[in-house]
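The structure is given below, and queries will be raised subsequently.
We call the chains A, B, C and D, going by the order they appear; numbering starts again at 1 in every chain.
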Amino acid sequence: MGGRFGYGPLNLDNVKLKGHENKSNVFDKPWHAKVWAFAHLTGALGIWNLDVSRRFRESLPINDYVNFSYYEKWLAALTNILVCYKLVTEAELNKVVEETINKQRSGLGTDEAKNKKCTGNPNWDAPDRIAVMKTLGWGGGSVRESELKPKFLNGEKVETIFGNPNPDVKGGHTRLPGYAMGREGIIYAYRGVHVFPDKNAHGFGEEPQPLYTVEFSSRDLFGKDAEAYHKVFLDCWEPYLRRSR
Amino acid sequence: MGGRFGYGPLNLDNVKLKGHENKSNVFDKPWHAKVWAFAHLTGALGIWNLDVSRRFRESLPINDYVNFSYYEKWLAALTNILVCYKLVTEAELNKVVEETINKQRSGLGTDEAKNKKCTGNPNWDAPDRIAVMKTLGWGGGSVRESELKPKFLNGEKVETIFGNPNPDVKGGHTRLPGYAMGREGIIYAYRGVHVFPDKNAHGFGEEPQPLYTVEFSSRDLFGKDAEAYHKVFLDCWEPYLRRSR
Amino acid sequence: MKNQKEIEYPDVALNHRSLPSDPELRVRAIETLLLEKKLIKTESIDAIIDLYENKIGPINGAKVIARAWIDKKFKERLLSDARSAIQELPYIGKQGYNIIAVENTKTVHNVVVCTLCSCYPWSLLGIPPSWYKSDQYRARVVREPRKVLSEFGLKLSEKIEIRVWDSTSELRYLVVPEKPKEADGLVEKELVKYITRDVMIGTALVKVS
Amino acid sequence: MKNQKEIEYPDVALNHRSLPSDPELRVRAIETLLLEKKLIKTESIDAIIDLYENKIGPINGAKVIARAWIDKKFKERLLSDARSAIQELPYIGKQGYNIIAVENTKTVHNVVVCTLCSCYPWSLLGIPPSWYKSDQYRARVVREPRKVLSEFGLKLSEKIEIRVWDSTSELRYLVVPEKPKEADGLVEKELVKYITRDVMIGTALVKVS
């Protein structure tokens, strides 16, 4: 995605902030809010981890991926996870879809659709609340205690790997963007030992690895396609890097 | 596209040949045939070249590209070319679209839609016919007389370039597929000097270059993501190649 | 947590394609299913939405920046270890993220993106705006940040180095803008008003009118 | 040909987005425009369609292969310079393409794709089948040809080397299949029946029943 050609200007029609308004748009539509809530609440069940859910969102078939809106992607990924993790069977899914459509056709769905405005409920179960907060990043986080020492020093020249970043799974999950594969950069900062998504997203455990922020020049990343000189900083786990030749 | 993950099995429902039937499906729908004809006939006008039309098809915005059917891509690219080459103005395009929709709404379009079966007309203008045949590859072709001598020998180890194959145009047209960038291969055959699409698609002239068929091992292209050992052969123009280090 | 090694991951999971085409219906179907299976509760849905609609948002980030503008020592701590610095502020709450604060100066302008998905410092800035999640922004800002920023009306001198931070890990980037001269003498509460969401993403400069 | 250097190429050309969503209407709009502007003629449209529907198709390729099976010298010429070999055959016509004939043997199986678009030897095989133009085929056959071929019902021994030809240039690849024992003694006209389109793309083997 990063660096890809073929996109026009940003659409800022609905999102330009007026004056010094200090609010985010929150949710454009009620169903966006619902999807957001479902994703966080089911995530808080602790059956799959953050990297698994990212993996499901990113591995949607490309024609769905590029045409789904943001929240449609989240919903589609959640649906696939629910079936994949056997919390829901395909038959149950098909049944509820049929029922929902029938209700809608017979006009029964419309009242429900005009959902009451969410009022918030401060009394929701504490365990739920803590689990959700954790998925939101209030607790947890991805840093892990480890005896691993970082292999690279700040300022050291490195090269990102090229080809198959994930050695375990064909076409597996990775957090090294395509535009930064096989490129030269400089270690900008060491960030501690973090859960390694390439393993964690496929159920191979957290396998934490040293994480660095790496500095790239725009020319090294995009050559003449970069508009002018600027720097791009990426967080890279140690297995993505090797000493520059 | 080549090598990309996230696709399911082929859809062979409608296309499995029964017995030893020796026909292609030709056109599934009458409008497919029309698009095909428009593309060839306008191509035969000689205002743009083959590489320009490919470039327009391949540079469709990705969300159109992945969701358009084959002939929709051809039609969209043709529409963009017509406006870009000023054969048609945006205003004319919008007007005819409006008229077409209005006709359709008032039921006027339907008769035309049930178009008479094309019967063929052997008497169409000879110049037309020759020009069309040329775009079909009956004449012309892409080989050019040249004093250029090939730099590489059969069996020589080469490396494909990596990064921006097109030095002239940001995100410009190229025929080196992403999956084969920055890979090692072996010159399999020299194919003569051919029109160079990276230049020709952008109106910089034909700038012919030596063309080779290069042999790659599947492991060198896709690493562990390749299913097993096989070979992939690609045609590469000389500027895509350098001597292997 | 179950042993995830036992889960068989399909090459391509396509169950989502059996959902209806209208997104509202899609959501309703999944909601019915999740409630029936007791995987979620109505009250929890309400609570989460309430949290994002009413409790967290860019005001949190603005408070952090305003404090840094007023308190030099706090700013130093923010730039060296943002997570623990932010935890000193009673009105923000514990940060699970490793927040990295990046400072705009006379010669450097920072801008944040996530090209892979839409990672964003939710706890400080709330839900990201649509453009932050758009293909256009994600594809273009790493390659042509000046052009993208100019679409926001932000024209930077060629002399200013642009630093684009692509949030590929669980680190979350927060841009610390320069305090404009016009803001001198304003108290914390007033400063907060000028520190907008876009300023903290890096697609706007602080304007004190 | 106009001086193309003067043409300004836009970053992204989006005029196609003003077309109606129904493809049939889209086509009708463009047809009206092209005819009004006299850029094309109705008779020419008919003639092109007729050409593809009735005059060219895989039968042309099959004739080439059948001749090669019967005439050893012709086969040699076909494998070394297919274009001029094919031009010897009066019933095919002049080939503008540089056709490259690739031979299947006991140890090698060839299969053709165009991962970039859908390049195909039209003059010999007609319009490519939908699957040849599909994302699935184009994405997968270079990486996992055995799995793709097995979906066609073609299971090849691990000992057979698969060669995938990605048609990135104006060269056009034609697979020359092995003549099965059962075909011995058949005349050219009969052989043609068994040489199907898929056999010449490489996604099927010749079956003489």
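Following the convention adopted for this analysis, a contact is a pair of C-beta atoms (placed from the backbone, for glycine too) under 8 Å apart; a residue touches a chain by one contact, two chains touch by 3 or more.
The structure displayed is predicted, hence computed values, not measured ones.
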Item to check | Reaching chain C from chain B through chains that touch each other, fewest steps | outcome: 1
Checklist outcome for this item: At the largest C-alpha centroid distance from chain D we find chain C
Next on the checklist: Could you work out how far the Cα centre of chain B sits from that of chain D, in whole Å?
Outcome noted: 13
Checklist outcome for this item: Cα centroid separation, chain A vs chain B, in Å, comes to 34
Item to check | Distance from chain D to chain C - Cα centre to Cα centre, in angstrom | outcome: 51
Item to check | Residues within chain A bordering two or more other chains | outcome: 4-8, 59-63, 66, 171, 222, 225
Next on the checklist: Residues of chain C that contact two or more other chains, please.
Outcome noted: 11-12, 14, 135
Checklist outcome for this item: Those chain pairs meeting the touch criterion are A-B, A-C, A-D, B-C, B-D
Checklist outcome for this item: Given the complex, residues on chain C that touch chain A span 1-20, 23-34, 36-37, 39-41, 43-54, 57-59, 62, 93-98, 100, 113, 115-118, 122-123, 125-131, 133-140, 142-148, 151-152, 158, 161-172, 192-198, 204, 207, 209
Checklist entry - Where on chain C does chain B make contact in their complex? => result 11-12, 14, 135
Item to check | chain D partner contacts - residues on chain A that touch it in the complex | outcome: 5-8, 62-63
Next on the checklist: Taking the touch rule as given, give the residues of chain A at its contact with chain B in the complex, in rising order.
Outcome noted: 4-8, 59-63, 66-67, 162-164, 167, 170-171, 182, 222-225
Checklist entry - So in the complex, which bits of chain B are touching chain D? => result 1-5, 7-12, 14-15, 17, 20-28, 31, 33-38, 40-42, 45-49, 52, 54, 56-61, 64, 66, 69-72, 75-85, 87-88, 90, 92-94, 96-97, 99-101, 104, 109, 112-113, 118-125, 128-129, 132, 134, 136-143, 169, 171, 175-177, 179, 191-192, 194-195, 202-204, 211, 213, 218, 221-222, 225-237
